[in-house]
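After the structure tokens below, expect a handful of questions from me.
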Amino acid sequence: MSRIGVFVCHCGENIGATVDCAQVAQMSSSIPGVVHSVDYKYMCSDPGQTLIKEAVKEKKLTGVVVAACSPRMHEPTFRRACAEAGLNSFLCEMANIREHCSWVHEKGDQTTQKAADLVRVLVEKVKRNRPLRPIQVPVTKTALVLGGGIAGIQASLDIANAGQKVILVEKDPSIGGHMAQLSETFPTLDCSQCILTPRMVEVAQHPNITLLSYSELESLDGFIGNFKARIRKKARKVDEKLCTGCAVCTQKCPQKKIPSKFNAGLGMRTAIFVPFPQAVPNKPVIDIENCRYFKTGKCAVCQKLCPAKAVRFEQEDEILEIDVGAVVCATGFDVVNTDFFPEYGYGKYPDVINGLQYERLASASGPTLGEIRRPSDGKIPETVVFLACAGSRDRAKGIDYCSKICCMYTAKHAMLYRHKVHSGKAYVFYMDIRAGGKMYDEFVRRAIEEDGAIYVRGRVSRIYERDGKLIVKGADTLLGGEPIEIKADMVVLATAAVASPAAEELAQKLHISYDSYKFFSEAHPKLRPVETNTAGIFLAGACQAPKDIPESVAQASGAASKVCGLFSQDQLSREPLIAAVNRTAPPQYSSCTGCFLCESVCPYRAIERETITTRGGKPIRTIARVNPGLCQGCGTCVAVCRVKAIDLDGFSNSQLYAEVRALA
Amino acid sequence: MSEFEPKIIAFVCNWCTYAGADLTGTSRMKYAHNVRVIRTPCTGRIDYMLILKAFSAGADGVIVSGCHPGDCHYTSGNYHARRRWMVFRSLLDFLGIDVERVRFAWVSAAEGAKWAEVVNTTVADIRRLGPYTEYQNLIGRGVERSFQV
Amino acid sequence: MSPENVYQPYLMRIDRAVDEAPGIRTFRLLFEDEECGKNFRFKAGQFGEYSVFGEGESTFCIASSPTRTGYIECTFRQTGRVTSALAALDEGDILGFRGPYGNVFPVDEWKGKNLLFIAGGIALPPLRCVIWNALDLRENFGDVSIIYGARSVADLVYKHELEEWGKRDDVKLMTTVDPGGETPDWKGQVGFVPHVLEKANPSSENTIALVCGPPIMIKLTLPVLAKLGFAAGDTFTTLENRMKCGFGKCGRCNVGKYYVCVDGPVFTLEQLQTMPAEF
Amino acid sequence: MAETVRRTSGQTVVNDMEALRQRARELLDAGTVQVIIGYANGSNRRVRPFFARRPEDLERLILDDRCVLNLAVYLRKPEVKALGKAAVIATPPLLRSILQLAAENHYQESEAVFLALDSAGNVLELSSAEQIAGVLGSLPGSTGQDACVPSADRMPALSAGSTDRQARFAFWKQEFERCIRCYACRAACPMCYCEQCLVDSNQPQWIPVAAHSIGNLEWHISRAMHLAGRCVNCGACSEACPAGIPLNLVNQFLADRIQQEFGQKAGTSAKLDYALSVFSGSDRETFIK
Amino acid sequence: MSETRSLRKQSIPSLLEKLEQNGQRIIAPQPAGPSGTPWFTDLDRERHIDLEQMTAVSPKSGLFPVVEEILRFRKDGKQVVIEGDKVKVQPTVLFGLRPCDARGLRILESIFQEGEPDVFLRERRAATTVVAFSCTAADPDCFCTSVGGGPGDTEGSDLLLSAIDDDHFLVEIVTPKGKELVELGAGLFEPAKESEQTKVLAAVPVRFPIADVLTKLPALFNLESFWQEQSLACLGCSTCAFVCPICSCFDLEDEADLKCGSRLRCWDSCGQRLFTLHASGHNPRSVQSQRWRQRVMHKFSYLPERGRKARGSAPAEGSTSLLGCVGCGRCSRSCPVDMNLIERLTAIAESDL
């Protein structure tokens, strides 16, 4: 029942000067199915649009082709005009006879012929268009934030403050992440905990935030607006509701010699412990690996002494199932471990430490209460060597990228050392100084010029111990590679920031992609930096790439605003130009063979498996199904489907076929 | 005798090459009129069958173009397409089909000039190769016809 | 016009196109060559090959009555390549028709008999041809009863004609829709055709039964008819096997040794009982 | 007659038939399987697939270099399925096709039992794709091309290093023009399991069904593309073709190209490893300008 | 015996040249493809005709082409014009057939000319002269003598040549058309020598009693297990139908662009699953055993019965003249799973219901 209208626009002289628009209209009128064909000076003008609307109504058009400018320009205009006249907007197509024709060719028959050909192609296409409606997907207005570092905290607070519910999941007993471990922050030297802990408390008290600490994501299914998350709430062995945080247990626990992760191994903690005094929640956890009761069945001191009777040795992990509409992944980063630097003796010499350990030394709440004392003997080091780019930008180590934060924190470290040990010498080995950022370069200069840090451009080849000193051997590349040897009391490695070890597994649970360094991939490096390829899953912080606090916070707020944007509607409205698997009469049900090659090419994980069953529930066959919530309409699946069981609205097989045949 | 005007069908992705060709237009760069563009969402959507159909519709040459690697609007469509084309191209070559008549190109939305260049060089190349009679002679061959018109 | 080439269709112009139900359309077709139109004759039950040039041919019965000459009508459901292309045609468009093919309902032999028509869904067209044939020669027949059912009210075809038949005193019409398929203002029955038939309890005395419908309806209706005393030889139906040529060459439609295109499409239940289940 | 070139002598390549028969007998006796699918001598010096259901049938089982037909096709045939669980006398190409089918969800774990001979003449009883993948490389004849199927050496237009594109075109044009579209190649192919082949779908009719030059070319190109990265090179297609078109050469060529270019080989793992559904950022693109 | 001549083997090229000069299209078996199996194609310049091996595919395409235009039309806006109402076929010589092939053409003709006569086949046959060669050798797949034919059978041929010695063919002029061809080749044909043609003919034993097949088939129809067993190995590949000289199931397909197009008649086969598939998804012949049964029944039951009906009472029941089979054995030779037809027909003849 095709009744197609063709509307050829002159665009003033833009098209009319090189294309004989009247002739194009005339030629188009003889295409089978075309019942109306006119040309007009300006189709996009009000009278032009009225022309279309009236023809749609009077001629009962079932499709419209507007031959004018690029569809990227005016497709919405003409589609709206058609919709206003009662024709489904997806039954309107544009033939691009301006950008692709009149503007790029000289006036002549061939240019007119080309315009007519383009119209014919689109007429054949529009005959095969289907009326479509935007896809409506309900939205569960709860966000799942994974990771309780500064990025996760910021994202949670922003979303919660916008009035939406948040589930914040943190794998450790407390939120705070790496930022809680830091001493002071560049370039202002604010105390890290002073600016962070109020945020942590806000999270705990926020009515819209449910904090699940000591918990991990088990699995995530579903799609944007409609995810189902399974979360493992690990057993604290302490009833959080009863515990008052009085700390009797942690004081009395006899098992005291456990390296504290929070203190980067430089301090000790008990088996029942709160990672740090400002922890949120401030409720202890029993570390069953080290707890005497769990190892020997005896002890139970904590249980006996707890005034609130909150210790629960029998407590088991719990699995929570939660419906969420969006996910913010803010799982952070890690630093490379000890065996990464045999040449530097990291892990071998106690006084070769990494930046995070130095942060704990410099922190007022750290094991040395903020005094810079070296781990081996607690002496105040006279000479400290700071190594920037320890692992970063090092192809041999397999880390090609710049960890971005080290230049700044190394300057800060040198500065803090000089502030605390006025007589000490601070050497900094560096490759380049990357101090792009507000007040950043000034900060580095201050370290050099005011605080007297000695910057040496060069790489350190080896560190070894001689006569109680750490000999740092390197070369000063500014001085033509002159060898340099420094006898140091302590060496601080600005170790490379790497993806957290669980990143790969998590990415697979989330069905998001990641790069070769296991950092999560953003949907577009420039234009969609906080989105992932999986609609409804967003990124914040250093899980995407190494970044500093302001950047992490900014990205977290960006992700939060994406979530809020998503939650601002009850229904998600999506372009309906998506793929679908055909369904046919039994006994075949679909021409889909169930080979699932489509599944393997889909960048959005939009292909699901659907088992067709008899009325009695007996499985007949398993075929593919496209999740309309996830499909973005790229059509890669259509091209790999051998039997063309899958098709893409707007660019369907019959449309593209007809378009080519129209040129025969 | 007038110059041979090749018929060229182009399959382009919506996000890069189509937009790039729009830019050629807005920049008013001129190029050969012989090309007819068919818009697809992504090079990943460009089925090898479309290229065959273009030839059986009498095309002397085909252009297939989309986003540069790394720029795909859908992240990976062009990578899949690149593999598919590599295999398809090998196959065509093995069967003796003139692969020089299929031009694969990456043209970004910013490369208006490159689009003009791709079209112009393709038209020039195909002109040099001449009409694809070898293939077009297959059309209609193998059908016994006995009507007298 | 060359009668030599059996594949050469008549060119027909669509005079009227009616949307009967979702996906179902009726065309009234006029012969482009008026001379052909004048000479064209067919009988109730016959079918033809309808074609869209460039897409191919599709088989359906001639749904209009042989008593009405000068045009033919067809009703089809949009399912495959050809019917989709047919559905895309409009009034004034040209299509191809060749036929008539196949055997006929022996309407001439039924003089003085009562006729009971039982149809379901899209299978009314072959019976509609006989119904109008009988109504146009009303005096030749006794009672004319029609039981017609569809899945829902929307799925009923020939809605205007159903109305017309319903108003006539000389036709007993019962329309029914499957449970759940009724609309608030539906005045007909609700229930499956076999049940409606059983309730109606028509007499088999001197009556010919004509049954067309989906296989499941036929399967359940035949026992009811038998119970009501209809002889297998007086019960007629049509088969709709896939076919291409329409005249016994292409090899598709045979049911055992019977070629539906030549020996059918009209069969009595008596014949069907001797045929293998290849339909 | 027709088979003289395509089929060779029928020389026995398997000497341990008795061991195979013995194991097959045990499986039948134990009721583990109800049918043994293998090969038997057929009429006029041909071999044929053979369905042994009684122990006494087993004497007829043979295995030699004429046994090119890929028995995997029977695992999808309803009438064969109706016989019960099957044990299949397996050649390496058959096992590769089972692996590829498993990767594409078309062979379910322990759907059948495969009896293969290792190089020591021991009978291996395989039923899971993992088992097959584990032993495949060590089976005799698992590498290299079967002698029976046409090889490119006999076709000058295709010989390695031939740069004469037009000669290749002329060669294939002539070959494909003999195609009568009986689809025996498809029917004999274990990977052509699609219920509705592309050529059978007509909205749109991508590939003309008529056996004319362009239709045949498009059909064979399409089939080759559909098998690219999936074909296990069993050669059953060429063997089945009544027109003697060396179809396997096309598939083999693409398989080789894919292996060179992407290091992927069909039917070597039960995990989907399809060259056209994965990619690498560093895939060569010298042809993209 | 009919009128005879003698033709030297070495005169064959001259004869073909003369015929070509006369405007005849010559279709003959010539080696094709890597295997060199002969194939019926237009005679090419090298003129290497292979009369020794049997072609893989029968010469039925001479009368019933693989793809044939049966309608041509032009579209002009809304108008449709049917083009071409006269069928004219170039004079053709089908050269190098076997007697079974020629007999097959006769049967094909009767299938197409009964009921609605087919103008294309009629015109093709009228323009075609069939030159067959009697068989001096046969293989175990041949069974012409079991279905009413024979190695020296003249049915369907216009000329039948028999190699009576190393240098000569005995030429039997079977029809006036054959005579015309002999006249075209005047000067090459010599008066026939005394010869005993039957001496050189191949011995083709009768493989099974056809009468039993014909009488037992109708009752076997419903014995599903029988057909399942017969077709257990069948792949449904349709090779048998496509190589067969008589199988003539076809498909009609339109091919067109926006301006003009054709309706094509293409070979098809009852062995294909989709052959009878309804648009609804229902398939009257849903499994391969039913399709195999259809093939056998069509050839050995439906065709003879319909033929009898069409021609009135004669010829009698059990007559082989209307069978859909000439015993060429091609189906057995090309079947990829060696479903030997002789074996299967023997099983039918021996079946005990």
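Order as written gives the chain letters A, B, C, D and E; numbering starts at 1 within each chain.
Here, a contact is a pair of C-beta atoms (placed from the backbone, for glycine too) under 8 Å apart; a residue touches a chain by one contact, two chains touch by 3 or more.
Quick caveat: nothing in here was measured; it's all calculated off a predicted structure.
For subunit A and subunit C, which third chains touch each of them?
D, E
Hey, how far apart are subunit B and subunit C in touch steps, shortest way?
2
Between chain pairs A-E and B-E, which one is joined by a greater number of C-beta pairs in contact?
When B-E is set beside A-E, the one with more contacts is B-E.
What chain lies farthest away from subunit A once each centre is taken as the mean of the Cα atoms?
E
Looking at C-alpha means, what's the farthest chain from subunit D?
C
Rounded to a whole Å, what is the gap between the Cα centroids of subunit C and subunit D?
Between these chains, centre-to-centre, one finds 48 Å.
Report the inter-centroid distance (CA atoms only) between subunit A and subunit D in whole Å.
45
Which whole number of Å gives the spacing of the CA centres of subunit C and subunit E?
39
For subunit B and subunit D, let me know how many angstrom lie between their CA-based centres, rounded off.
Computed from C-alpha means, the inter-chain centre distance equals 34 Å.
Hunt down the residues of subunit C that sit against at least two other chains at once, touch-wise.
80
Residues of subunit E that contact two or more other chains, please.
Touching at least two other chains: 66-67, 75, 78, 85-87, 120, 251, 253, 255, 257, 264, 280, 282.
Quick one: which residues in subunit D touch 2 or more of the other chains?
Touching at least two other chains: 196, 203, 206, 210-212, 215, 276-277.
Which pairs of chains touch each other?
All chain pairs meeting the touch criterion are A-B, A-C, A-D, A-E, B-D, B-E, C-D, C-E, D-E.
For subunit B, which residues count as touching subunit E in their complex?
Of all residues in subunit B, those touching subunit E are 57, 142-149.
What residues of subunit C sit close enough to touch subunit A in their complex?
Against subunit A, subunit C makes touches at 17, 87-90.
Using the touch definition from the top, list the residues of subunit E that touch subunit A in their complex.
75-78, 257-258, 280-282
Please give the residue numbers of subunit C that touch subunit D in the complex, ascending.
Residues of subunit C touching subunit D: 80-81, 84.
Spell out the part of subunit A that touches subunit B in their complex, as residue ranges.
Result: residues 70-73, 96, 98-101, 103-106, 108, 110-111, 114, 117-118, 121, 513, 521, 523-525, 533, 577, 601, 603-604, 632-636, 638-640, 648, 650-651, 653, 656-657, 659-661, 663-664 of subunit A touch subunit B.
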